[in-house]
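Listed below are the structures to be examined.
Next come two complexes, and both contain subunit A; in the first it sits with subunit B, in the second with subunit C.
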Partner chain A sequence: MRSGDFKESYASLVVLTDSRWVWFWSAVLVATLVGAPFAVNAYLLSLVTLVLITVTGALGLNLLTGMTGLISLGHAGFLVLGAFAYAVVVVKYKFPSLAGFAAAAIVPALFSIAVGLPSLRLRGLYLAITTLAFSYIINNIILDASSITGGARGIAVQRPEFLGLDFSSDQAFALLCLFVAAVALFACLNIRRSRIGRAFMAIRDNDIAARTMGINLQWFKLYAFMTCAVMTGLAGALMGIYLSFVSVEGFPFLLSIEALAILIVGGLGSALGAVLGTLFVILLPEVVRILFGLIGGSLEAGLSTGVHEVKSIIYGVIIILFLRFEPRGLVGVWRDAKRLWVHWPLRY
Partner chain B sequence: MGLIGDLLASGVAIGAIYGLIAMGFAVIYKSTGLVNFAQGELTMIVAYLAWTIASSVTGNVVVVVLGSIAGAVILGLAIERIIMRPMLGEPIFSSVLLTVALAVILRSSITLIWDAYPHALDLGVGRDVVHIGNVGMRGAQIATIVTLFAVMAGFYLFFRFSKIGVAMRAVAADDRTALLMGVSATQIHAIAWAASSVIAGIAGVLFAMIYDLSPAMFQLGLKAFPATILGGLDSVIGSGFGGVLVGIIENLAGGYIGSGTKDVAGFVLIIVILMVRPFGLFGEREIVRV
Partner chain C sequence: MKKRILTALVAAGLLVCPAVAAEQGVTDSEIVVGEVNPYTGPPALLGVAHTVGMKLAFAEANAVGVNGRKLKLLTEDDGYVTSRTLQSVRKLIDVDKVFAITGISGTGQSTAAMSILEKAGIPTIISVAPATDQFVPPRKNVFVIGQVYSEGIRQLTLYLADKNPGKKWAIITQDDDYGLVVREGFDKAAEEKKINVVYSAKYKKGQSDFSSEMLRLKESDAEVFLAGGIISENVAMLKELEKLSYKPVVGIFWPGRVEAVLKLAGPASDGLYAVDYVEPLAGPAGKAFLEKAKALLPENEFKSINRYTESGYAAGRVLVEAIRRCGKDVTRDCVISELEKTDNFETGVMAPISFGAGKRFSSQKVQIMQADYGTLSYKPAP
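Take a look at the complex of A and B:
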């Protein structure tokens, strides 16, 4: 029986995982996901694509809110910026898609400096309010600059094609989203075990103590804002392509709430949590819909007329329930389950 | 005097509504340390309640007013008891997110319970136009301004002289010491939620009388943020003045710069203020210890 898990060097302490089985199952998971687009039907495929895009966005917010502890209520602002940056560059100015993706990463990053700078002096609630203000200002700028962005009419977007690869089919696009999500996940996991990630967590736990230990608060807070904006911008661009239409209404304030809900449900500050939270939040409305379908027709009809409202209420209720009963989120449940599995029948 | 007079008059009127809502924010922040993101939704739900009462008993203003105040009190107490109280002792971050979730739930429930169309709330009063100089204002607009100053004066006296008001200030200053002095923090929180809900309700009903009821009314809450930041989150009276100021700035920006800027003028103001004074204009500077 294992009596403990001892690390003998710093490298083995920060390694991604020391278990061969984790690598094995991760490889199986990746293989399944690569194969999945060709095996499942169109509806499931679009759901998988949505999950992959949302994971990218949620990982971005996790860096900012989960790891660095800067609460953002303006996540939808970064998403809409990324989507419009891509659409304007590719559709309006006819640049190749790759340039569009670059713009979707760079434009939100530049704006994130604009929102990050005033935020350097703020903490907690004040920051949440400024980011909220930011997302409304962004929407207004986009609506006002209608000569570039099309204003309220929005821009129709085609599927991308670059490096000789054609992503116009649903399967290929799902694989592109999988690639981006996987890169984002690896980036998050690796940032976490680097000096930068430790600085982020130090700022979250106590910023003044972090500063006395030689962490440049200004630089690292801006850095967190920028990495968050880059990931979220890319997710926004993919979201725009997925919806095949980019408009301000396509990225409502509810998305910011949804992103926070994902982090809370999954477990703040953990990349695995962002993934689990996304699965939970995206799949929950589907499960509810199926359950209601089983119960009877009238409820389902009521659900389809007020689908947006019912979805919002569900998000609200799950945020409240998780905050109240499981503040560690699904990651906490997962860790408990793992411990139980390893140590059973002993308690620890 | 023509354009600027009209802009100022309607700015003060809408600003008075922002001010009332901002005071609601401040009352809750002062006693519980939370920013209640559901304030706009409280405003909206009480206004809808008033509309329901008004359409079932026509022409009786007193019934509508008493009914909606009772509704607001019950709503505030219920939220405090069912949702907020179990979170006592949890991190502030969680409780604030709870109010965000609450906001989303309330907003959607309104659309589900009532409908998504605008309605006029006609109580039979406040519709006639009164001329002051050469500026015309509706009765309800003037009533709003008067209400704001009455509520501000009421709160000043309440905090200054009443036992509960002093207890609230004590809880705000140091809840643990207040607890040791025999002040029940939960009771104070409950009173704060009820009071804030009532002020929000008053603002909502007045807004609905001047403009219309619509599911977009929750944005009033967002627009009152700049007001309460301007006045300082923990300054109830300051928030009232902040609201008037934001209303004026918003209307002037809308009138002289462009109608699009009207919606974001307040938000730009927030960012500017917070850059200069991160704790609001009249807010108390926070001293952080490691």
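Take a look at the complex of A and C:
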């Protein structure tokens, strides 16, 4: 049994985990997620798929906003770029799906330089507004470049097929999303324990101090933007495939706000927080529906026609409660629970 | 002994078989139908009204029963967000196990749900926002009631062009797929009638201030104006024209042909031309429909009636009739086949509805109507 968190070397400080149990339970979770698509009904499977796609996007934003402290309201812009890059390359130019995914990563990364450059001199609300403007500019470019993007009509997208694997079934597509989400999670966890991750956090905590310690602010801020754009672009491509139809309408500005809400509720700067926040935000309407279902009667009937309105109210209340009472988010609650479990009956 | 066990197994099998073979969403006493629409946010104006129409059709059918069964309607709110539409459709099919689906939200939302609906093979009636992608290519189980936007706009433009020969025209459309089809229909008619367009503009979806557009419209001396907004945009444009004391002939399209627009726009809405494939509520057919609705709907639902209630009612009537014609043995195949056989079916709220082999779009006849601010209603145009 673990009795403390004593570290004896620098390597042990940055290791992904020093607990065999964490590896064990992670393996169980992965096995469960791999098996889940074959065990749950189509509705639950679609929820799982949506969670996995959202996790990928949220992890991208977490690198930028959570770890580097650069607030972005242009997340939906990267999502829509990734979705259209995939659709244009695969549907319009008939390239293989893998080329589409490559485009979904590269195109938003290139555009991120354009929005990343102003970020070198801006921060806080000014940066947030710049990224918001970026999102609108992207939408207008897509709408105006109708000869390539289909404009407002959008592009219908089929399920991918590559490396001899057919992802046309819901199960296979969910596994593809699981793979991308797992790679994104590992990338985030590894960036965090690398020099790059430490530089990101130093910039977030105090960029002047970070610069005096030899961190190249321009380079690392651009790097954060590009990494975020790559992950978000891939999430956008998966979202487009999931919706089977890519259009500007399918990626409303609300998604940028929802992504920020995920990070705040989950816990800013933590990969686990991004995962917990996603689970919370996506599954909240389902939980609310089940709870109201238990109460039954007119409340349940009312909810069936207003579940998202109720969800929005609950969102707002929960975000306020988290900011007031638990700014560390769900990950803070999780760490407290873990500490209690390890140290019980001692307090610390 | 062996024989006895065999007999017991056969008997048990016979008992179990009907349950196994029973159609999803159909029991001895009821048939469950699902509807996906926006019930929150501004698009709730169409979603709530459409569902009220469906409820009315079901209430009417349930008064006598459909071959001994009652119809039950389950609703799902998608908030007009495509990903939620897909979730809702999947939930209705896989969790709630509905027999048929109606609605379904906006054009983009229902188009995105096509592959799920086709795969599920569930009888589906789309009656909120008809679009070509929903019936081309025709899908066995998906039936579309209404008329496509481009044809509606074409008819309205042709009517106004005939009524106002040689006049100068202006058009403003939204910068999305809705705006595109509006422009498509207008362009077709403009070519046919050689219309002289002196002012043409696009606005950003969600725009609320149209002062500069209306000023430029006035400067262009346009005499006929096609307002391609939906609800709040058309109201803002009309108010702005009123402020400028400029009175061109104005035409609007059916997604915004709700009485709320007249109330919000005030006297500026008087004389407005509109096109639609459902009957105006102030006409004789509309009045008869309202009478029926008053008797069967609770007051709060009655208050939310608009043109979408009529389209929901028509879709409900068509579905109920197909189910009724299947008799006691209600199966998906039977209902789909009966829907296909729908021929000149009268609903009282639009022209007779017909489908056929390989024909999954009813292509309703449109009519032009005019707003009367005094009674806050639309009446057939002279």
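Everything below uses one rule, namely that the second predicted complex is superposed on the first by the 319 of 348 C-alpha atoms of A that agree within 3 Å, B and C clash if a C-alpha of one lies under 4 Å from a C-alpha of the other, contacts with A are read in each partner's own complex, and residues count from 1 in each chain.
Rule of thumb we're sticking to: a contact is a pair of C-beta atoms (placed from the backbone, for glycine too) under 8 Å apart; a residue touches a chain by one contact, two chains touch by 3 or more.
Every value quoted in this text rests on a predicted model; they were computed, and no experiment measured them.
Peer 1: In the superposed arrangement, does A:130 touch subunit B (first), subunit C (second), both or neither?
Peer 2: First partner only.
Peer 1: Looking at A:209 after the superposition, I want to know if it touches subunit B, subunit C, both of them or none. Which is it: first, second, both, neither?
Peer 2: After superposition on chain A, A:209 lies in contact with subunit B alone.
Peer 1: Of the two partner chains, subunit B (first) and subunit C (second), which one does A:319 touch, if any: first, second, both, or neither?
Peer 2: First partner only, subunit B.
Peer 1: Of the two partner chains, subunit B (first) and subunit C (second), which one does A:153 touch, if any: first, second, both, or neither?
Peer 2: second
Peer 1: Given the superposition on chain A, which partner contacts more residues in subunit A: subunit B or subunit C?
Peer 2: Of subunit B and subunit C, B contacts more residues of subunit A.
Peer 1: Classify the contacts of A:46 with the two partner chains as first (subunit B alone), second (subunit C alone), both, or neither.
Peer 2: It touches subunit C, and subunit B stays clear.
Peer 1: Could you tell me if A:143 is touching subunit B, subunit C, both of them or neither one (first, second, both, neither)?
Peer 2: A:143 contacts both subunit B and subunit C.
Peer 1: Can A:245 be said to touch subunit B (first), subunit C (second), both, or neither?
Peer 2: second
Peer 1: Could you pull out which residues of subunit A sit against subunit B in one structure and against subunit C in the other?
Peer 2: Residues common to the subunit A contacts of subunit C and of subunit B are 143, 254, 306, 308-309, 312, listed in rising order.
Peer 1: Which of the residues in subunit C end up touching subunit A in this complex?
Peer 2: Listed in rising order, the residues of subunit C that touch subunit A are 39-40, 48, 51, 74-79, 81-84, 86-87, 90-91, 93-95, 108, 111-112, 114-115, 133, 175-180.
Peer 1: In the complex formed with subunit A, which residues of subunit B make contact?
Peer 2: Within the complex, subunit B contacts subunit A at residues 35, 83, 86-87, 90, 92-94, 96-98, 100-105, 107-109, 111-112, 222, 225-226, 229, 233, 260-261, 263-264, 267-268, 270-271, 274-275, 278-279, 288, 290.
Peer 1: Under the definition above, what is the set of subunit A residues touching subunit C in their complex?
Peer 2: It is residues 41-44, 46-47, 50, 143, 151-154, 156, 239, 242-245, 247-250, 252, 254, 304-309, 312 of subunit A that touch subunit C.
Peer 1: With touch defined as at the start, can you tell me which subunit A residues reach subunit B in the complex?
Peer 2: 71, 73, 118, 121-126, 128-130, 132-134, 136-137, 140, 143-144, 206, 208-209, 212, 254, 257, 260-261, 264, 306, 308-310, 312-313, 315-317, 319-320, 323-324, 327
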